[in-house]
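Input: a single structure, listed below in structure tokens.
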Amino acid sequence: METPTIANSGRKPQSKILIEDLTVCYSDGTESLRQINLAIPENAITVLFGPAGGGKSTLLRTINRLNDLADVVELTGHLYLDGRDVLAKDCDVIALRRNIGMVFARPVVLPMSIRQNLTYSLELAGIHDSTRLNQAVEESLNAAALWEEVQDRLDEPAVKLSGGQQQRLCIARALVLKPEVILLDEPTSGLDPISTGKVESSLQTLKEDYTIVLVPHSVQQAARVADYAAFMLDGRMIEYAEGKLLFTNPKDQRTEDYVEGRFG
Amino acid sequence: MTDSASTPSKARPRNTKRRNLIQRLGYMGMILAAAITVAPIILIVVYIYSRGLPAISLEFLSAMPKDGMRAGGIFPAIVGTFWLTIGTGVIAVPLGVGAAIYLSEYAPDNRWTRTIRIAIINLAGIPSVVYGLFGLGLFVLFLHFGTSILAGSLTLAIMTIPVIISTSEEALRAVPNSFRVVSISVGGTRWQTIQRIVLPQALPGILTGVILGLERAAGETAPILFTVASFFLPRLPASIFDATMALPYHLFVISTQVPGMPIKIQYGTAVVLLTFVLIMNGFATVIRSRARARRQW
Amino acid sequence: MMQSRSWKEYLITHMVKVSGYSAIIFVVMIFIFLLREGSATIIEVPLKSLLSTRWYPIEGYFGILPLIGGSIIVTIGATLIAVPLGVCCAIFIAEIAPRWVREILKPLVELLAGLPSVMLGFLGILVIAPAVRQILNVPTGLTAFTGAMLLAGMAIPTIVSVAEDALDSVPRTYRDASLAMGATKWQTIWRVTLPAARSGVLTAVMLGVGRTIGETMTVMMVTGNAPVMPTGLGSLFRPARTMTATIAAEMGEVASGSVHYHTLFFIGIVLFAISLLINLVAARIVFRQQKRAERILS
């Protein structure tokens, strides 16, 4: 599948992730993917949206092989990250996951201090030098727009933060290993509008350095943030285009119906 | 039950009154049941302490027995129980917690795992005296360990393992799965996740289970009857191949087999055993409530 | 570093797996060794003699029926006392008692669970048996009934804690729905909560019964140790002897390899089989309830 041409410039963006004929089936038949073809451009926000059960989370979890934990009965196709197939048997899954940051729908903070939440993945990767750790902590909290609020209580339990702060901590945690790709699965679904706004504006800053794939929790959010958008229904990719184009002038009738709110 | 909407309003107050009366009586019945259950516990503790505390002295706790157990101290029994408990713990805790980790974190959902679980349920239900027979047959006779701390500890350990497995597995499963998912998603391996997040969080629960399991093992008599216990030993055990005295067995013998045994000594021995139980239970309760207060999830 | 990490991971995974499978090994070993020493009985003692009602090993009578009968009557007595008390206590703790009462009751029940059987037997001899003799006006206080009472005391904590867990895990929504329809709390307990926790409570009772059948020291010390075949309810107030007490009392005096020795192991096999049966049935109930719950919630 071709990456869409950016209007006005005729330039084709680099595709960071290339998905070819991907089929994933769970043992209970839910949320599977059927013959997905998709190219995700570098340094942009690609949005996967659609009604529940459409396979968006499954696709996200296939990218960082988190699906290995689930009961998958069929997995065919290819998923290339920088040209290398992550679904191949010789793929180093640990290194892959360190290179991809993931943020989940409900903020999940580890039962440790704020600092330890961030240094956890660094220590797993063998980094123990305290200067490096502190630096990474500060950088990632800054990138997630949380540094000012927590800088003088880094050793307090992370669970004491508010919901919005916890989610931004999760974003910081996803950034701390300096991954190339960030996956976000409905990151603002439990948050109030102000926190949501903060998260969305951080994403706009982050996309300059990272490739972002996002599952939004509403069509409106998708329309707000998407550089590129893909509409998924029942495990299939229905339509994929630049954000502005897809939401104002969808080509497929089903896409239009969903965007207009006629079903969902 | 009559539908109150169709009952004429005159009848409704009577209906409600009757229901409330039944509830009142029912509650009283339940309170009575709880009281009947719990009062004896308190009475037992008070009674044993009141009769046995006079016998407790430094000599009683640290001296060897004299005059066929009718005087002197019960030191060897205390030492014997101590070593047996440690021996049991050394064997039962690694195996039990290891098995719990396997069942909670690694085991796939297949027939083999179900078989393991059935085996555990069965081990938990086997009567303690049957464990004694087993210990006699395997450790004392077949493996020629003789009546020894080794044989007794092995027997008690196998008896305690199912208890430790079930309490530990419960503690491990209580840790939210989302923690594991997060750890894997940042590149952790399964064991790293267990070692750094799951185990530390489950530790209070596991510890409580271990304490209560070992407490039960220390108080058991039947499994050690044929495998380790001796009534009158002139010296303390020198190695794990020696037989030894033990508190519960000692209490049994002095209250049933020895004529002319002073009542004070019997109650004194009971007090030592009871104090041990109270201390262990106390530890377990404290660990549990502190963990609940400091939990970060 | 990658190599050493995967080595360590591999080793630990396998050690953990071995621990997991050890449970099966233990059960099999126990069965084998019981069989090894006890199977000779089938050959040595003719079946008719084994199933007679006279247990008098010194003169060669190895009828195990009085022992089984003793176990049964003590168990029935204990169950009749322990089940109502235990279930009602569990209901009280789970549904009725205010929080501060719960915080006191639960540790107390746990304390009862921790009391060694020999200690209860000890109190039985010195306190309960004389009381039974005086109050019920029987020749001796060492009766099946005394044993039943003490055994009930040992079974109750098991019943209370498992049943209380089961009641606790009934979803709040069930109770709320019932109360919203105008039922009293009492009606809710009996018509909604308890039926919903039915299988858990049943498991609790079975585990309690299992504990009762397997108890050794307490019964050995207070039931009078007379291997007489119990006949009818009156024998509850006469001495009796359980299978477990027989093994414990006589094992120390038998010659290794004798018929008596083998028969005691045989009784052990019978006990093993009974507890296997009870636990399999209890496990079945739990598994079936779990499957149903999964279907409902999925």
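Worth a mention:
By written order: A, B and C. Residues from 1 in each chain.
Keep this in mind: contacts are C-beta pairs under 8 Å (C-beta built on N, C-alpha and C of every residue); 3 or more make two chains touch, one makes a residue touch a chain.
Note that the structure is predicted; figures quoted are calculated from it, not measured.
When chain centres are taken as C-alpha averages, the shortest distance to the whole-protein C-alpha average belongs to B. Of all the chains, the one whose CA centre sits at the greatest distance from that of chain A is C.
Mean C-alpha positions place chain B and chain C at a centre distance of 15 Å. Rounded to whole angstrom, the centroid-to-centroid distance between chain A and chain C, based on C-alpha atoms, equals 54 Å. For the pair chain A and chain B, the distance between C-alpha centroids works out to 49 Å. Shown for chain B are the residues in touch with two or more other chains, namely 189. Interface of chain B with chain A (complex): residues 176, 178-179, 181-189, 192, 196-197, 201, 295-297. Of all residues in chain B, those touching chain C in their complex are 1, 4, 19-20, 22-23, 26-27, 29-31, 33-34, 36-38, 40-42, 44-45, 47-48, 94-99, 101-103, 105-107, 115-134, 136-138, 141-142, 158, 161-162, 165, 189-191, 212, 215-216, 219-222, 225-226, 248-249, 251-252, 255-256, 263, 266, 270, 273-274, 277-278, 280-281, 284-285. The touching residues of chain C, when paired with chain B in their complex, are 5, 8-9, 12-13, 15-24, 26-27, 29-30, 33-34, 36-37, 84-86, 88-89, 91-93, 96-97, 105, 107-112, 114-119, 121-123, 125-127, 153, 156, 160, 182-187, 207, 210, 213-217, 221, 244, 247-248, 251-252, 256, 264-265, 268, 271-272, 275-276, 278-280, 282-283. Interface residues of chain A, counted against chain B in their complex, comprise 64, 66, 69, 94-95, 97-98, 101-102, 104, 106, 108, 110-112, 120-121, 124-125, 157-159, 173, 177.
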